[in-house]
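Look at the two complexes coming up: subunit A is in both, with subunit B in one and subunit C in the other.
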Partner chain A sequence: MRSHRFYTPWLLMLPALVWLGLFSVWPAINTVTLSFTNVHQLTGGHFIGLKNYWLLWHDPHIRDAVLNTIVFMVICVPLLTLLPLLLALLVQRNIRGIAFFRTAFYFPVIASAVTVALIWKWMLDDRGLFNNLLQTMGFVHKTVPFLTDRWLLLLSAIALTVWKGLGYYMLLYMSALGSVRRDLHEAAAVDGAGTVRRFWSITVPGVRGTMILISVLIAVNAMRVFSELYILGGATGGVGGQDVSIVMLVQQAASGSDGRLGYASAISVFLFFLTAIPLLFLTRLNKNSQEES
Partner chain B sequence: MTATTAEDSREDRKRRVRGTAAVRHPDRKGRSPIFDAPTPHGLFFRYLALIIVLLISIGPMLWELSTSLKSKAEDVYTQNIQLLPHHPTLGNYGEVQNTIPVWHFALNSLTVAVINVTGNVIGATLAGYVLARLKFKGRKLLLGVFVATLILPAEVTIISKFQMITSMGLGNSILGVCLPDMIAMTNVLLMRNAFMALPREVEEAAIIDGANVLQRMRYVGLPSVKGVLSVISIFAFIGAWDDFLWPLLVLQSPDKLTLTVGLSYLNGQWSHDPRTIAAGTMMALLPILALFLILQRYFFRGVAQGAIKG
Partner chain C sequence: MRRTTAVSAIAVAATLLAGCGVGSKSSSADANKTVSTTAALSGSITFQTWSLKNDKFTPYFNTLIAAFKQAHPGTDVNWIDQPGDGYPTKVASQVSTGSLPDVINLPPDIAHSVAKTGNLLDLKQNDPTLATDYVKSGLAAYNYQDVSGGSQDFGFPWYLGTDVSYWNKTMMAKDGLDATKPPKTFDDLVAQAKIMHDASGGKDYLMSRAPGLSDIANTGTKLLTADGTKFAFNTAPAEAMLDKYTAAYKAGYLPSNVLDNSYEGNSTLFSKQQVAWTTGGGNLITSLQQDNPTLAPNVLPSPALDTAPLYVQGLSVSSKSKNLPLALAFAEFVTNNANQTAFVKLAPGFLPGSAASANDPQYTKSDGTPQGDAAVIAYQDMQTAVNFTPPIWTDAMNTILNQEIAKAMTGKETSKQALDNTVNQANALLTQ
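This part shows the complex of A and B:
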């Protein structure tokens, strides 16, 4: 019995196929093409070979951005891999009021990066909550320049990112924790293994797959940072212009009355290869574990 | 979350049908692998930890809310920290209205969000159903192309999309903001996974009864993927409401901005008063949090059914 006519699948998929072509496949190809040209928003352009990549290689802003991205990753990956797991363990048990806590922990995820960055910007202000608290408690005697110092600004953006990400990764862990074997825990407890020991020897190996996936996600997301730094430090990247991310440079190059789309595309291609590194790592790892089993 | 045991075991069956590794047993659900025996002592520290994390996660938002309610007469910079405003006022919210056309911006954001949800629900359901349930030539290849797009971060292709939207004459328009995200490939794949869970036999019975593809999708498929569909809708709405980089690129004239872009201009360029900026921030934050509170039941239930976005 025939379940459908030959053209039905294509007809139903038409909208998705148009979007797949127009806004996924074509832009991917076109970004690469554009990166070899000096196309501007208004004036057009022509093929210039690898010149954009040569410019990119010598652009000091790119160096700053790559350095910032590395710092971002080095701090975010361990913190956001571990803390949300603890959080997931904390909210896992159905005790009274737990739904309220789970929802509230997810609030920073729901809020837009712009609003939470504005909230943090006010707390980190020279005369804001953090500085006032630190001075009242006597930890510091001078204003801490959270938003104007080159490294403190970057660290503030990282802290904001970690804070905003906690709930998101907590949720990913929550479903993974369901498959951690309870009998192992009981057996280990009977054998006298403490909470910490059981965490590292049973819980962590039990969610290992999710953990790897999450750390790859965090690394990729660290490379895509934009709004947090843009709002905290301003459009040009802090006082010295060094607190920029790669995406901020893409946006900077492309905006303005006559945006340099060619150069912006070259940075985009560079960004793609960076984000491909953790993903390749992931597929490698998956392959290895499949061969093992 | 008010999942009952009956629902849980139903989910379990679904999981087993799908053959996922994460088979959850109803009796295990909700029990922590670490803190097991419910001693009063353990419970106390558990609640203490929960409250500390609660303060960390919503404390900053409460501080911003408090600032937005403080009157001009109250010193917001003082070291003598006051969480509750002395004379709470909504004056700062009026100030936002006088500085930027905030209702207009909110309407723009809402428009983008509603169009985004509609497009994704229709587009992803249709394509997801076809990819999961219909056999046709080239299905595997097509599925591969959909999956391949996942490795492309949106930021990488944003310049090319920007050029395309401008050349279509949609630069600086709300339609231009909506268009690229109206059908997200991730959602197509999520819907496909959801439809895959459906047992073959049910559908075969429907075919024998003479139901056509659309009827099967509507009456056999859709009822079992409601959870995933609601998560997709919630994410599409939030994603559109919160998006910043894309509308920042596309929109230029100050009368056409979305809320996030308008806020970024309010901050520092159009206002220096932290109370006004706080009020503006709250006007963008409170609606989306309220919406999430209303829908959180469906959200967490859908997530438990496997609709997690990677």
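This part shows the complex of A and C:
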């Protein structure tokens, strides 16, 4: 058998490495570098040390943005980790017409975030479907301010995100459920274990790896929330700007011919470290679970 | 090994940080170049427009360029057009890569950013008849206090727009108002909005937008300090105006959604006949005759409340152009009275930025119809119209203003707090 040359694996990896270097590593390094400068869209700028981070600390909008982003993540992670699993359990059964429901649940995934958010905006409007229904059925007498109240707008964006994400994560769970041993379920049922007991003792441990992966994906996506809040709340981030997210602050800082690229980069770096916290926590959780089992 | 790594890391960091200083380097000397206007023209230039290459305007530009080339044999003009979206970013990249076209269509805010980098030619010292050839309000929009103390002009006014007030006379009559005696000031507007609200049981609206920078300026407040370097519009009159808007909003004289993202804009609400007042260009009634023929006969125009806003598009010349005489001559040619008038005929609602257009009867004499009146009112408004947006005002500042105004109108802050916060945050942005 003839051994390959030492550089053969590197050659094979070269296209991917070049791609990664150009479009991931270099922009990341450049973002960190820019965060220490006062570069604007049209001017070169210069090194200003930690001034952007000092400005970020004193930015009156950053607290709202961090709070909104964390609330968004804290609610989205458990909902989008558990609900798709329940949905996957429902649709994995081979009963007549189930394919229709699988498709229906997956449908929001293929719709663009902007289109979906626009439809939701119309439904949540003062004269939209939800307000009309609630008033017609006599639950409320005044319009519910879904798009103007700070927390209702945030919850509306969360509901939209959960609705849109259910189908995708359901698909991941359906694949994971295939590897959960059926004989364990049968044995537990013979021993008298009920549906709930079998769910927590067999199904959940069986898909734990997928659950951790899904939690990580949701946490990262939630920290980067933009479209849902932007479409529902507008460019100002809701009435008075109280529904801004961290990514919206990046967009606001960098846009326009006077866009502050240095400051926007500092917010991005801050977001990176903030995103790392739940990731480390979830990774640690996964490691501990693996060690225990 | 560890030492080598540390040294390498420092070297890489130093290289990267040194690179940060590299950007668009230019000086005011570039802007101050004197261009020969007597030399024979030759060579070629690039001319950039903003979202104007389409079935409507392409034939005009092709004819225009052909006429220029015929008048100046041996010259060539390469016309490029940029799409509507992302124009500031595109211009920014052209500046930073040194590829700014020789003649470029820029609105005053983008021109200001480019002028600050020294990439635009001062037209004042290179066009002796500039002040008399163009509408003063249009020229003023390209004169920047924070660039050479306002001693330079960076754009030929090309096509201009302003606002005319339009009133739905049927709605007004139904609610006891007379559209032939429309409000002339903001206070009149609020008073009539109350009458309409009370008469219709809160179903009809006269007012339908939140205030902005122009409303603050219309209180007589100077937006900037005397030296033009800082914002100072947190004045008592501005506060009083915002208080009135807040009271009107609370009383239900404005639609409840004017502050949120479901707000459709006052012109859309006017078209739907939910609102009896809107502002628009001089051709609004003509457009309505095609798009909304049932509404069009019910609309009467009147001059804008207080001072009308000015919307300007202009042509600038790159100070880095390798063929400045040709670039300057072409920019003057495109914006001369004959060519501006011909261009504006293709763009209803806009007005020429050339001073000589004042002699054109279509802008000075109405045919007696409401649409004819509107065209004349628009031209009259334009003479005193002001570009309320200071060149140092950015998108980020506008976002802050809208946020703070919303907080004041929803009672989360007082008007004074909202204006103070806006001014403080906007001034802080100027130093970043």
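In this text, the second predicted complex is superposed on the first by the 264 of 293 C-alpha atoms of A that agree within 3 Å, B and C clash if a C-alpha of one lies under 4 Å from a C-alpha of the other, contacts with A are read in each partner's own complex, and residues count from 1 in each chain.
By definition in this document, a residue touches a chain if its C-beta (ideal position, glycine included) is under 8 Å from a C-beta of that chain, and two chains touch if they have at least 3 such contacts.
Owing to the predicted nature of the structure, the values given are computational and were not obtained by experimental measurement.
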Worksheet entry | Touched partner set for A:Gly256, first subunit B, second subunit C, both or neither | second
Worksheet item: Touch check for A:Ala222: first (subunit B), second (subunit C), both, or neither?
Response: neither
Worksheet item: Is A:Val180 in contact with subunit B, with subunit C, with both, or with neither (first, second, both, neither)?
Response: first
Practice prompt. Please work out whether A:Ala65 is in contact with subunit B alone, subunit C alone, both, or neither, and reply first, second, both or neither.
Written response: neither
Item to complete: Please work out whether A:Leu80 is in contact with subunit B alone, subunit C alone, both, or neither, and reply first, second, both or neither.
Response: neither
Practice prompt. Name the chain, either subunit B or subunit C, that contacts more residues of subunit A.
Written response: B
Discussion item. A:Asn38 in the overlay: touching subunit B, subunit C, both, or neither? Say first, second, both or neither.
Written reply: second
Practice prompt. Answer with first, second, both or neither: which of subunit B and subunit C does A:Gly233 touch in the superposed model?
Written response: second
Item to complete: May I ask you to decide whether A:Ile119 touches subunit B, subunit C, both, or neither, giving the answer as first, second, both or neither?
Response: first
Practice prompt. Classify the contacts of A:Leu56 with the two partner chains as first (subunit B alone), second (subunit C alone), both, or neither.
Written response: neither
Worksheet entry | Overlapping contact positions on subunit A, where the subunit C interface meets the subunit B interface | 30, 34, 39, 41, 121, 125, 128, 231, 234, 255
Discussion item. Quick check on the complex: what are the subunit C residues that touch subunit A?
Written reply: 13, 16-17, 19-25, 88-89, 91-92, 95-96, 109-110, 113-114, 116-117, 256-257, 259-262, 394-396, 399-400, 402-404, 406-407, 410, 412, 421, 425, 428-429, 432
Worksheet item: Taking the complex as given, what residues does subunit B use to touch subunit A?
Response: 1-2, 21-24, 28-36, 43, 46-47, 49-50, 53-54, 56-58, 60-61, 63-64, 67, 77-79, 81, 119, 122-124, 126-127, 129-131, 134-136, 139, 142, 145-146, 149, 151-153, 155-164, 166, 179-183, 185, 188, 207-208, 212-213, 238, 241-245, 248-249, 260, 263-264, 267-268, 274, 277-278, 281, 284-285, 288-289, 292-293, 296, 300, 303-304, 306, 308, 310
Response to the item:
The residues of subunit A that touch subunit C in their complex are 29-30, 33-34, 36-39, 41-47, 55, 60, 121, 125-126, 128, 143, 147-148, 231-241, 252-253, 255-260, 263
Item to complete: Sort out for me which residues of subunit A touch subunit B in the complex.
Response: 1, 3-4, 6, 8-10, 12-13, 15-17, 19-20, 22-28, 30-31, 34, 39, 41, 87, 89-95, 98-99, 101-108, 110-116, 118-123, 125, 127-129, 132-133, 135-136, 163, 166-167, 171-172, 174-180, 182, 185, 189, 195, 198-199, 202-203, 206, 213, 217, 220, 223-224, 226-227, 230-231, 234, 247, 250-251, 254-255, 261, 264-265, 268-269, 271-272, 275-276, 279
